[in-house]
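Okay, so chain A shows up in both of these, paired with chain B first and chain C after.
Showing the complex of A and B:
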């Protein structure tokens, strides 16, 4: 990835940015996030098929903000996350340099937010194909089978909240799950408490999930919790014709409305 | 289950359905006594977690009701609520939680008779469906899980 390294060096030497958020090879051969602050260290940057983590999650972390203006290696889901964060006023567009990566893995020239928006709009914004099949299969089950499936999956949950920590959209400094007056979510990591937690998480991400699948990848016990938010992303599109993270000006689906929103169950 | 009396919780808005339910009473219209009415400032205030709390605490059915669209005391609370219920229902259907047990309705302050009808049809439906065993089992099983873990 010589282009990427060259661009990162250029940005750091000219002091256009103070940190480049990208990937480096970890000791076990896996890719891990890297926070490059000097041009010499930019040599460590890599980009290949191992680099799947959504790096946008770091943009809102105060430790990373402290480093200064950031450049970030961004594939499509990361770009959509950035767009979402800008629309929710969590990051300032001018403070971010996007080192866009195309689906083929080559460096894109993303000069500003409009170029990024153009790239996002041209891309396929539905759920990634590897999840579509499983979603369709689950949708075919009977209600009893669905309930049993989710009970089985969620009984594994240890309430570590890795799904929340890995999610770029879960940036609240005080999460509902930590609120204890009232105690919305049972504290215990039992099936019922876990189910409440995952319902709450999915609902709070309705219309905001950009379908990166990071929550599912982060889960240490392999709960496919990304399917819940992805299912709602599908539904948001079918009801409201909105894909999350496509514009910096969009208002959140759940905090706005159209008088003629269609439903069939309210009597 | 002939002796089964459904427990139904009604989350209603202060301005329309609660006043409507008042009118049902002052009009001396009889309706099922299985319903426990909880008054909210607006349908927009009714958090989806409250519905799950109701089921966890033993409700067999739920009614959520507020002002008709365009009649909201706060202009748009019920529109926001509508979007939220659309998403909530889709998520519940995806997870297999029984949404036949939840009635969403718009009942205005002038519709006392309609409130009685909404409650009666819901209670009849829940009576046919029986107690919400699978959710109660989930909660009880979870308590046992805790005991075993300790």
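Showing the complex of A and C:
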């Protein structure tokens, strides 16, 4: 932590960055995002096991961008999100300083995007172990049982879109649910409307989800919607042998055609 | 009506619950499998919780459902026929065990829905509702009812208010004619009050809402809004869990010749909320939307509806994915 604060101070004092996006402790003891703009304020920065929110979501936020060049405290999921954002041309690599954090919680020396790529490649890129068991259990269910499970879970949805807003990859300024001519997705939060929404969200994230679990954590009513996207991340890997957020030159798995693609589903 | 106080024993509560459920729907809090507290219609009495601090969602769903059908229609080549919803089919409901903050919110909602024109859906649902409130013997750091002019034992909005006694029985304050009608159904369950002590939690006052309202008059351009909302991700969780947020969207859904018009919850936290057809958005960034949320509740509503738009339940803060703690912010606002 002292290394992190020192590095943040150094970056701000030398004006190499104008803001450090990290974590601070809130009054209830929760860790929450902090936007540090002066060296004095850098003392507020913390990093511990409470710091789990994926901060990459702020890199595309208008008012954060307005602050200037940013340094960002980045665990593996944040680094993978940054990689995705670069490959989808939402963020310019040179405009970000990555304050990488290892799985043990120590500050990494991430000089540039290649170093970050090297770190990502060496890491375990599957779904986090805490979700693997639940995913495996769900996969054992019959299609009818799966449908019943998701109907029950998604009937709780209130369509607050916290799942979308918390996701670094949901950066569209106009989401499909906000298009009403035609109205692709019912606006109402009934079971049908909510299922439509979550299935659409999952499909838009297939091959792009980096398995941070932020959507599920953000959900105020406790829907495990991250299991949908994580399941698709597993599927994408099993078919295409690709993990999202591993390169800045990634083409999108679900919207790219390759001449040697298997197309057995068509014939 | 003059308030009367009665004693209702723990074992009598179950009898009352069963008696009421014979003729009415009961909306009561239960703890779900994932440990969230949610209100459900007609749960078994043994599942009803008396120990919750706050449910995840407020109880506003009972008078302002997340989706409400307004009318249905049938289109032919030459005309459309509109079929009104039969408001008489709205059932009689007993809201059971809701806390004083939630119950006080019905008055706030009424000040919006019955401001100039009476919203007939809301008014009918409220008319058919009897509120058996439960004062609070538990609280946490998110609670701030005492900062909004309420208290763990406020009776505002309740028809009967139960207060727990040291020995597990309850005192019942009968506050309205509606409350009295419940007592008349089950008179033998309501006994003479005992000298037993009522248990109330203590909720620390964090700010003066009068001072906040005064401060807001000149705070519109203050950098406070940007500084304190950078972490807001712009979801609608705070508005949807809020007992007093009343904004809604209206949509038509047509399938073939038939369709329906319905309204569903909306939130001023969404960018789309104020987007004009021209493309112009008067609240184009999140700080402006966060300011609107606070201004509406603590400045515009006291001014226009003569009611505060917040009851201090703390749900917006406990449900926020990025810890936008409203009482912390209002405390800070008071001191800018």
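To be clear about the criterion, the second predicted complex is superposed on the first by the 258 of 267 C-alpha atoms of A that agree within 3 Å, B and C clash if a C-alpha of one lies under 4 Å from a C-alpha of the other, contacts with A are read in each partner's own complex, and residues count from 1 in each chain.
Heads up, the rule we're going with is that a residue touches a chain if its C-beta (ideal position, glycine included) is under 8 Å from a C-beta of that chain, and two chains touch if they have at least 3 such contacts.
Keep in mind the model is a prediction, meaning the values are calculated, not measured.
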Check your understanding: Hey, is it chain B or chain C that touches more of chain A?
Key -> B
Check your understanding: Can A:231 be said to touch chain B (first), chain C (second), both, or neither?
Key -> first
Practice item. Once the structures are superposed on A, label A:147 by its partner contacts, choosing first (chain B), second (chain C), both or neither. Key: first
Review point. Touching A:127 in the superposition: chain B (first), chain C (second), both, neither?
Key: neither
Exercise for review: Could you tell me if A:26 is touching chain B, chain C, both of them or neither one (first, second, both, neither)?
Suggested key: second
Check your understanding: After superposition on the shared chain, which partner residues are touched by A:246: those of chain B (first), chain C (second), both, or neither?
Key -> neither
Review point. After superposition on the shared chain, which partner residues are touched by A:218: those of chain B (first), chain C (second), both, or neither?
Key: second
Check your understanding: Touch check for A:188: first (chain B), second (chain C), both, or neither?
Key -> both
Check your understanding: Which of the two partners, first being chain B and second being chain C, lies in contact with A:57: first, second, both, or neither?
Key -> second
Review point. Considering each complex separately, which residues of chain A are in contact with chain B in the first and with chain C in the second?
Key: 186, 188, 190
Practice item. Using the touch rule from the top, collect the residues of chain A that touch chain C in their complex. Key: 26-28, 30, 32-35, 53, 57-58, 61-64, 158-162, 164-166, 173, 178, 180, 183, 186-190, 217-218, 220-222
Review point. What residues of chain A sit close enough to touch chain B in their complex?
Key: 138-139, 141-151, 155, 184, 186, 188, 190-193, 195-196, 199-200, 202-203, 206-207, 228, 231-232, 235-236, 239-240, 253-255, 257-259, 261, 263, 265-267
Practice item. Over in the complex, which chain B residues touch chain A? Could you list them? Key: 48-49, 52, 56, 69-70, 76, 79-80, 82-91, 93-99, 103-106, 118, 134, 138-139, 141-143, 145-146
Exercise for review: Spell out the residues on chain C that touch chain A in their complex, using ranges where they run on.
Suggested key: 34, 36, 56-57, 66-67, 141-142, 226, 229-231, 233-237, 239-241, 249, 251, 253, 262, 264-265, 267, 270-272, 284-287, 319-323, 325, 328
